[in-house]
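Here is the structure we will look at, set down as structure tokens.
First chain written, first letter: the chains are A, B, C and D, and each begins at residue 1.
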Amino acid sequence: MVVTLKSNIQERQLNDFIQWLNDQAIEAKIIRGVHTTILGLVGDTAQLDINLIRQVSIVEDVVRVQEPYKKANRKFHPLDTLAPVGPFSIGAGNFHVISGPCSVESEKQIETVAARVKAAGATLLRGGAFKPRTSPYSFQGLRAEGLDLLRHARRRTGMPIVTEIMNTSHIPLFEDVDVIQVGARNMQNFELLKELGHLDKPILLKRGLSNTVEELLMSAEYILAGGNEKVILCERGIRTFETATRNTLDLSAIPLIKRLSHLPVIVDPSHAAGLSWMVEPLSLAAVAAGADGLIIEVHNDPEHALSDGPQSLTPDQFDALMPKVKAMAQFMGRRIEE
Amino acid sequence: MVVTLKSNIQERQLNDFIQWLNDQAIEAKIIRGVHTTILGLVGDTAQLDINLIRQVSIVEDVVRVQEPYKKANRKFHPLDTLAPVGPFSIGAGNFHVISGPCSVESEKQIETVAARVKAAGATLLRGGAFKPRTSPYSFQGLRAEGLDLLRHARRRTGMPIVTEIMNTSHIPLFEDVDVIQVGARNMQNFELLKELGHLDKPILLKRGLSNTVEELLMSAEYILAGGNEKVILCERGIRTFETATRNTLDLSAIPLIKRLSHLPVIVDPSHAAGLSWMVEPLSLAAVAAGADGLIIEVHNDPEHALSDGPQSLTPDQFDALMPKVKAMAQFMGRRIEE
Amino acid sequence: MVVTLKSNIQERQLNDFIQWLNDQAIEAKIIRGVHTTILGLVGDTAQLDINLIRQVSIVEDVVRVQEPYKKANRKFHPLDTLAPVGPFSIGAGNFHVISGPCSVESEKQIETVAARVKAAGATLLRGGAFKPRTSPYSFQGLRAEGLDLLRHARRRTGMPIVTEIMNTSHIPLFEDVDVIQVGARNMQNFELLKELGHLDKPILLKRGLSNTVEELLMSAEYILAGGNEKVILCERGIRTFETATRNTLDLSAIPLIKRLSHLPVIVDPSHAAGLSWMVEPLSLAAVAAGADGLIIEVHNDPEHALSDGPQSLTPDQFDALMPKVKAMAQFMGRRIEE
Amino acid sequence: MVVTLKSNIQERQLNDFIQWLNDQAIEAKIIRGVHTTILGLVGDTAQLDINLIRQVSIVEDVVRVQEPYKKANRKFHPLDTLAPVGPFSIGAGNFHVISGPCSVESEKQIETVAARVKAAGATLLRGGAFKPRTSPYSFQGLRAEGLDLLRHARRRTGMPIVTEIMNTSHIPLFEDVDVIQVGARNMQNFELLKELGHLDKPILLKRGLSNTVEELLMSAEYILAGGNEKVILCERGIRTFETATRNTLDLSAIPLIKRLSHLPVIVDPSHAAGLSWMVEPLSLAAVAAGADGLIIEVHNDPEHALSDGPQSLTPDQFDALMPKVKAMAQFMGRRIEE
């Protein structure tokens, strides 16, 4: 951590500040420049609250030169982390496609879609039971009943299930869900992250619409710090000024996360652009950028889906996409678990 | 709602779509242009799920020409809403300053600050008991104990208290809190909003870092739709590319909200810029833009505050600020309730 | 174009407005909704100034349902455009890599780099002679001398040259440059675009840091409207809140441009992230997303480059990259012109 | 400047780098932390190209702790700069309103508007002769003829004139223009800025739609470095994700610029929101935030203006606004020059 001091400070103030740092086992090395004096802080600065420093009256600015996350940091865990999901493992060279409808709507719907996406090569089944919707007047999901329908589809197909949680009070309902998803809007719902850190279950953590990769890793750190090391990250588009796509898929996040962290990372091309015709090029680009997997929406009847239709593929479109995705994954040297 | 159709569609498809709309009591008027055919939908389109329309195969795009919120909409409630808080009322020409420390830290701290900000003219006391922090290693607030200390300060000063909630499971703890704050990161925590909609208590709803004003009004709609009409909105800065300030205060949101909605709106100049020296100009500008109040952080000992120091004023700085704020409020024709 | 009218307007005002539209050969169809009346405008609305409509006192809002660009629009030019450059053609399934140093620095430097990138498979040589720099104290390029050195390198290697123009007054100097580049900061330098529209020479038009794809196509329209149909678009990253990369590469722009326009589009992975280690994954992802080519910075001595070093590859790194890029281009079914 | 070094570097590499810095009169102080070694650079680092440092192979990252601008920096010029314009001076406590139509359209139009805005209290006359338009099919301004009409209006009213330049080749036409405006899209047209630096004439430099305040000051530095010290800055809204306003007015830029620089700064509330009904609240807020002036669009016939109508006030609306603006300026302790 590097602290820039204000000009014209008194020596006594500086000494007090350095003493206060020393009390916290942090050493401060002084560098006096022409116009500016800076302090280089040495010690376990990741534990320091940067705001604690910023508020000191003689401090002009503070800059971290070290990442604020530890358990998610590749520096301290050089090897890729594998997240086990049922018979599969996500990360470390394995490639998986998670697929299913945006919302679970009926037994027939989820079973039909599950059978089709499994046949096409998807290994995990996704489906929303609790749905975060901008409008209180929109369909909010089948909730507990939706979870039952997912379990039913799992029994039929053998596919592990992935579904989103929105509130800590629902955790008991998710006990036998295989992968719990934290949606973009809850990426900084810290109370939820803390609770999920106490589970022994993979968590699929989606990047918030306007969160940096560092913030995503800090949210992962909440889960890891609680003891749950099975975290899978997901890039799903960020909010920018561009209006032609719903969000802007940030594929540079993939190599960035791979460099900064040991956690697996997948991409959601369906929600990123919000346009079904863009799923194919974005899927291929995501694999080429190094993603460990994809999560793709498929609906058996997109014209009458109750939510998020425009971004969903039909099963036939998914059948056409999967061979291309698999070929790209193989071209990129990934193992396709089946 | 205006629907743009794809080119080269079949008449039968169009008829089916129009029939489906009619079944939902929506009339569709056809306009055939040179290159494009559009449909103007007439009826209660606010209840329609825009995605339901977008996913129809013959649809190119859909645009709302009417706001998707109803209870928050000034068109249907032309008069300003007043939110009653203890002996005060927020909105409709009344002006209030809410003040206090970022975090409640000790009995001595909260009482000292409460006494000082009350003496300077603040009418409501703020203080964080549950703190949303980016890092799991940062101070997370005194939680239930912090709420107790706030109640204690209320007994001493008579000031109604405002404090943030982060999880539905904490609602019982907030039973006698005067104003429950929903922080920026929870603006789209819809499960929380739904529960708060069932309370009979003012909710201070902060705009999310990357949420539009329309989304803020939709989140207010969640609370209003549940039956709780005591919603106070708060602009606190949005995330942009500018890095010199922590966030970019969007003061155009004030006249925009005033035009679109009947709800009161206040401004948080402390969190917006994250710089204590900017609180004064931003406070004055917020009042000039039409804000119904301000929420300003004050700390008795900013150099040793446990969180968010750089943006806090000292009580002396707050003493110096308040006469200017009050003069500006009077200049703008506001009633200063005391 | 769809016009939403204000409520409570007089019939006479509406009739005047419709008459004024008719005078411009635009027909207006009225749709009266429950709360809102809208007009659907039929005719050559691409020629209409949308602001002309917005300012009419009875108008609440106006929305285009048709693209404002014509010559760049795929609807009116379904086939891909090929931009001929020396012995090559860019677009329509051909794949090219443009490479060279950020700035031309010396005869030795440009010739060394040119020889190396040609040997590795690049077909066009890039190099900056006029350099847009944020600071007046930074190196501004060798200017006219830099153009001479590029011509010299072209004679030696036979590679067509690509270099950036910053001002209309420099156009005579660019007479025998093969491809004139318009940089991101000049994407809306309309006076420059107009002049380039009168040349018979390919223009490489880079997307501005905060410009939408529609604005990029409108800037292309300036060149096309002048009579120059040889426009090559380039995605090079947009400005977002993320600070870990210099800009955020928007690869969804590739399929979007391909759908909206017939113009070729290439990607600049070097400037997007500003990080040399990210060039490989972003290059592969760009090709997978459908790009017609790449523009990649290579420097023979990155440690002593006078500008933009951190994003440049060494010739050895470029040698290692090119086989992967070519294999990916072939995998995607592109023809590699050599 | 603080340099963070990569881990596992060789001592010889570090010595070479330090020697290279010393050769440029920069001293490097080494701080060895637990995980990271940093260098504090001492000397005239504002002249150093930060990229030159970043590209060194042993460097992980570089951070400035000092502003990269010198002549625009308040640290080296503590007193406010006054820009003289005809009989007036902008900055240092004086308050001015610049007003006029977006585009000059006819002698009658500009004279009518000039007479009206002068009568209402505006001191400078604005009007666009060269217009930057997104579409090549939109009205591009009367160009040289528009400048003649402005000069004519100046003779009639005595008001100094402010108008936008788009290209260096037009500089001769602007010889007797009182204030030359550089529009948002040309804020980083560095060739233009350099030429304007050689004039002895006030330059009104508008912030780019997606430029930081630091970049605005760097562009001012281009003009100042050329010898022209008469620079007036202008905040006019930045591009964000919010779509309800055309741009987001960033009023925190006003106190920020005042702290970082000695240059005067004014606000353009008309272009920021693009909504005439928002001009009043944003004007008052801008004055309250500390602006040295406003630039406001007024049109005698907004319903038939050829450009930018929706944001223009009528002369009657401007008459109603000016007393409020003046009262606010007086309330804020500004001298109103007349």
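By our rule, a contact is a pair of C-beta atoms (placed from the backbone, for glycine too) under 8 Å apart; a residue touches a chain by one contact, two chains touch by 3 or more.
Please read these numbers as outputs of a predicted model, since none were measured by experiment.
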Identity of the chain that, by mean CA position, is farthest from subunit A: D
Pair joined by more contacting C-beta pairs (B-C or C-D): C-D
Centre-to-centre distance between subunit D and subunit B (centres being mean Cα positions), rounded to whole Å: 31
Geometric centre distance via CA averages, subunit C-subunit B, whole Å: 39
Subunit C and subunit D, separation of their C-alpha mean positions in angstrom: 26
Where subunit C touches two or more other chains at once, by residue number: 210, 239-241, 243
Complex contact set, residues of subunit D against subunit B: 210, 212-214, 238, 240-245, 248-252, 254-256, 259, 272-273, 277-278, 281-282, 284-290, 327-328, 331-332
Contact set on subunit B toward subunit A in their complex: 46-47, 49, 51-52, 54-57, 68-69, 130, 132-140, 166-169, 185-186, 188-192, 194, 209-210, 215, 218, 221-222, 225-226, 239, 302-303, 305-310, 312
Of subunit B, residues touching subunit C in the complex: 2, 4, 29, 31-36, 38, 40-45, 61, 63, 65-66, 75, 210, 239-241, 243
